[in-house]
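Notes follow once the structure below has been shown.
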Amino acid sequence: MDKTVPDLARAVAPITDGASVMIGGFGASGIPFGLIDALLDHGATGLTVISNNAGAGDTGIGRLLKENRVAKVICSYPRSPGSVWFERRYEAGQIALEVVPQGTLAERMRAAGAGLGGFFTPTGYGTRLAEGKETRVIDGRGYVLEAPLSADFALLRAEAGDPWGNLRYRVTARNFNPVMATAARHAIAEVRHLSTQPLDPETVGTPGIFVQSLTEYGVRP
Amino acid sequence: MDKTVPDLARAVAPITDGASVMIGGFGASGIPFGLIDALLDHGATGLTVISNNAGAGDTGIGRLLKENRVAKVICSYPRSPGSVWFERRYEAGQIALEVVPQGTLAERMRAAGAGLGGFFTPTGYGTRLAEGKETRVIDGRGYVLEAPLSADFALLRAEAGDPWGNLRYRVTARNFNPVMATAARHAIAEVRHLSTQPLDPETVGTPGIFVQSLTEYGVRP
Amino acid sequence: MKSRTDSELAARVARDIPDGAYVNLGIGKPTHVSAHVPDGREVIYHSENGILGVGPTPAPGQEDCELIDASKRFVTAAPGASYFEQADSFAMMRGGHIDIAVLGAYQVAQNGDLANWATLDDSYPPAVGGAMDLAAGVPTIFVMMRHVSRDGSPKLLERCTYPLTGLGVVSRVYTDLAVLDVTPEGFRLIELTPGNSLDQVQALTGAPILT
Amino acid sequence: MKSRTDSELAARVARDIPDGAYVNLGIGKPTHVSAHVPDGREVIYHSENGILGVGPTPAPGQEDCELIDASKRFVTAAPGASYFEQADSFAMMRGGHIDIAVLGAYQVAQNGDLANWATLDDSYPPAVGGAMDLAAGVPTIFVMMRHVSRDGSPKLLERCTYPLTGLGVVSRVYTDLAVLDVTPEGFRLIELTPGNSLDQVQALTGAPILT
């Protein structure tokens, strides 16, 4: 089995206009900068970007926003220092925003990846972010029913990968990458080291079954 | 921080009569045989045992059943080859049984550990195991609402542990051990190797926050 | 009547497993399918106790007592394998990531209902394991079984009489006598075991066979 | 009025963090608490981006650009640390495994309601991060904030006027002027910053202070 593709451009080629795209990373750690740049060159537009943050500066998701490729952002924290392009697009009414608590964002992705129809979470109960949602008191505690969140694509960053699509992560660059791999119909990874030999099965953070293609991109931010 | 205790007997000392006890393992892999034997010596009775299987032969859970320490079993597959003591107790009406699909068993534990109030799963929809449970059709697919499953104690087996309670697993001996660690109010681990130095943070399968005590038990079945 | 042996049946199922597929083989007869996959196809086997990439049975004396499959047999890890815990393993199954599951069955109905976990004998303790999760989560379910039960009664039926494992989940049934697809109209014949006639097989089937 | 400096306030909070506690420090002022925990106490810090066992800030030039905390600051791993992915990290928080979270706040109500994620200014994009998960999941929530807002209006209130983060979740409030517990009867004074009188502090508080 060989899921490797020769370059970033070919890795993002399947992404179409209007697609929903999960993008791994938290802050600047674990962001697939190579794939995002390739996606910009590729030209896809009208994207729904699902990520924890909404980019900072002119790189990564910030660049997608600057170049007007994004119609909607689903995230927990769009207001990082330097998230100027998000703020500009938002204030101009050029972009839709869905704010989701960070743990609910991760759990909705997990539910999608795990084939669940939804879950009751205490997070957000009684707050504005639960408005319009079904709620229920279970054993005296309030819960909100949250739906699974899947995507057409996921762009992932990992430390190492093998031809079977197995990914290994490093320190806190792991963050959203594994759960997004499970929730996307087509997950694409850039890996710092592409091994021709299989990764040690004990160290695999994302089993290859969740990864459709991967390519080497050695640059570390 | 030092969560180690000097021996198996002291590790199981907090377990009281009538307690619910999750026991890790699948088949004979990853079973905490040392802790189970210590629990027998300890004498606790009227236990609810939550595990995938119901023991085989006269060892492990089989021995707990033989010695009449178990009032109820919650499991997915009590009918393994050699599960003679379970069958004897069951046929004599001496034991209560709740059969849960294996994935639902794991997911109910995860929900308990993750603070969720319940989840909709497609598993078992329309079958006898969904009788009496709330169901819902979501996007044309049928789901069953399942509740979290926690326990007073969990008995775990790991390959290695450190004083912070971090556990590392080996091959398919991992199975139910990590998720049970999250779902129990008091998780106790026997580890084949007790390290005085911290485990490599990248290889930790169960972070120490989920483990209340651990002890070395070098015997591999 | 010509009846495929278990080995012939496993080989017939194996023919339909494509290169690159992620496959879960149920307990019992289905575990023999992997030995018959044609050369040149790489199939990745998932076992629900927590391994993707199950390899061949270890040589005698080389068994690792902690490395087993869902049938509790000693196995090895194939190149590209990974290990994971139960909740993750069943997420893989329930989430539709496994392509094909090959399962045994007591009964299959013409609407694809599957019964393979309990009989009508209530004196025996029920045991379900991962059968319902596979039935609910894996998009393609192949059933591999004898065409009739030991007492000669049909196992392919208009409606199952045993407790169900999953509703409308079976894609294809491989028996010693025939291969049939489950279609919106009912069972459709794919092939007869050479030497059998449709009339012979229909007589042993509790639902109409379309051709 | 005597007002604790940020550093004094961090030290005061740190006094109440017991040995062996698992603690999450929110973005902003709470991150300074760890520097003030008394010698001899081992506190294990969780950061929701996926590390348990956050260590001190790295020496200049020793930063690992991938090893950060939830405030996106460079950190190190303390002995006994572990890394994990987002869903697992929030399971740890939501499941009640973290003992204490120290959070900043815009407002706290006498019933323990917490408002720390959004104001009434709708022109600004809302951002919640992990605040609601911490509020919902961590059994003991310490709030650390100025007693009054920049315009002098009280932040301790009978009812919050800003959008809520969590309902009835705050255990104790540490301000520059006082320390107060949230009790079923309302705010109860634990201590005044030395030099302040109860009357002075009450005048700056939007709810009754019990003694």
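The chains carry the letters A, B, C and D, assigned in the order they are written, with residues numbered from 1 in each.
Here, a contact is a pair of C-beta atoms (placed from the backbone, for glycine too) under 8 Å apart; a residue touches a chain by one contact, two chains touch by 3 or more.
Just so you know, these numbers come straight off a predicted model, no measurement behind them.
In terms of the stated touch criterion, the partners common to subunit B and subunit C are A, listed by label.
When the interfaces A-C and A-D are ranked by how many C-beta pairs touch across them, A-D comes first.
For the pair subunit A and subunit B, the distance between mean C-alpha positions equals 33 Å.
Centre-to-centre spacing of subunit C and subunit D amounts to 54 Å, using the average Cα coordinate of each chain.
As a whole-number value, the distance joining the C-alpha centres of subunit A and subunit C reads 35 Å. Once the centre of each chain is set as its mean CA position, subunit A and subunit D turn out to be 28 Å apart.
Each of the following residues of subunit B touches two or more other chains: 107, 110, 114-116, 121-122, 170-171, 201-202.
The set of subunit C residues touching two or more other chains comprises 51, 77, 83-84, 87, 90, 93-94, 136-137. Chain contact topology: the protein chains form a pattern that is neither a line, a ring, a star nor a complete graph. A complete list of chain pairs in contact reads A-B, A-C, A-D, B-C, B-D. If you check the complex, the residues on subunit B that touch subunit C are 26-30, 52, 76-81, 86-87, 90-91, 97, 99-107, 109-110, 121-129, 142, 169-179, 205, 220-221. Those residues of subunit D lying in contact with subunit B across their complex are 20, 22, 42, 44, 46, 51-53, 77, 79-84, 87, 90-98, 136-137. Subunit D meets subunit A in the complex at residues 47-51, 64-70, 72, 77, 83-87, 89-90, 93-94, 118, 123-133, 135-137, 163-167.
Residues of subunit B that touch subunit A in their complex: 107, 111, 114-122, 136, 138-139, 141, 143, 170-171, 201-203.
By the touch criterion given at the top, residues 1, 110, 112-116, 162-164, 166, 182, 198-199, 201-202, 204, 207-210 of subunit B touch subunit D in their complex.
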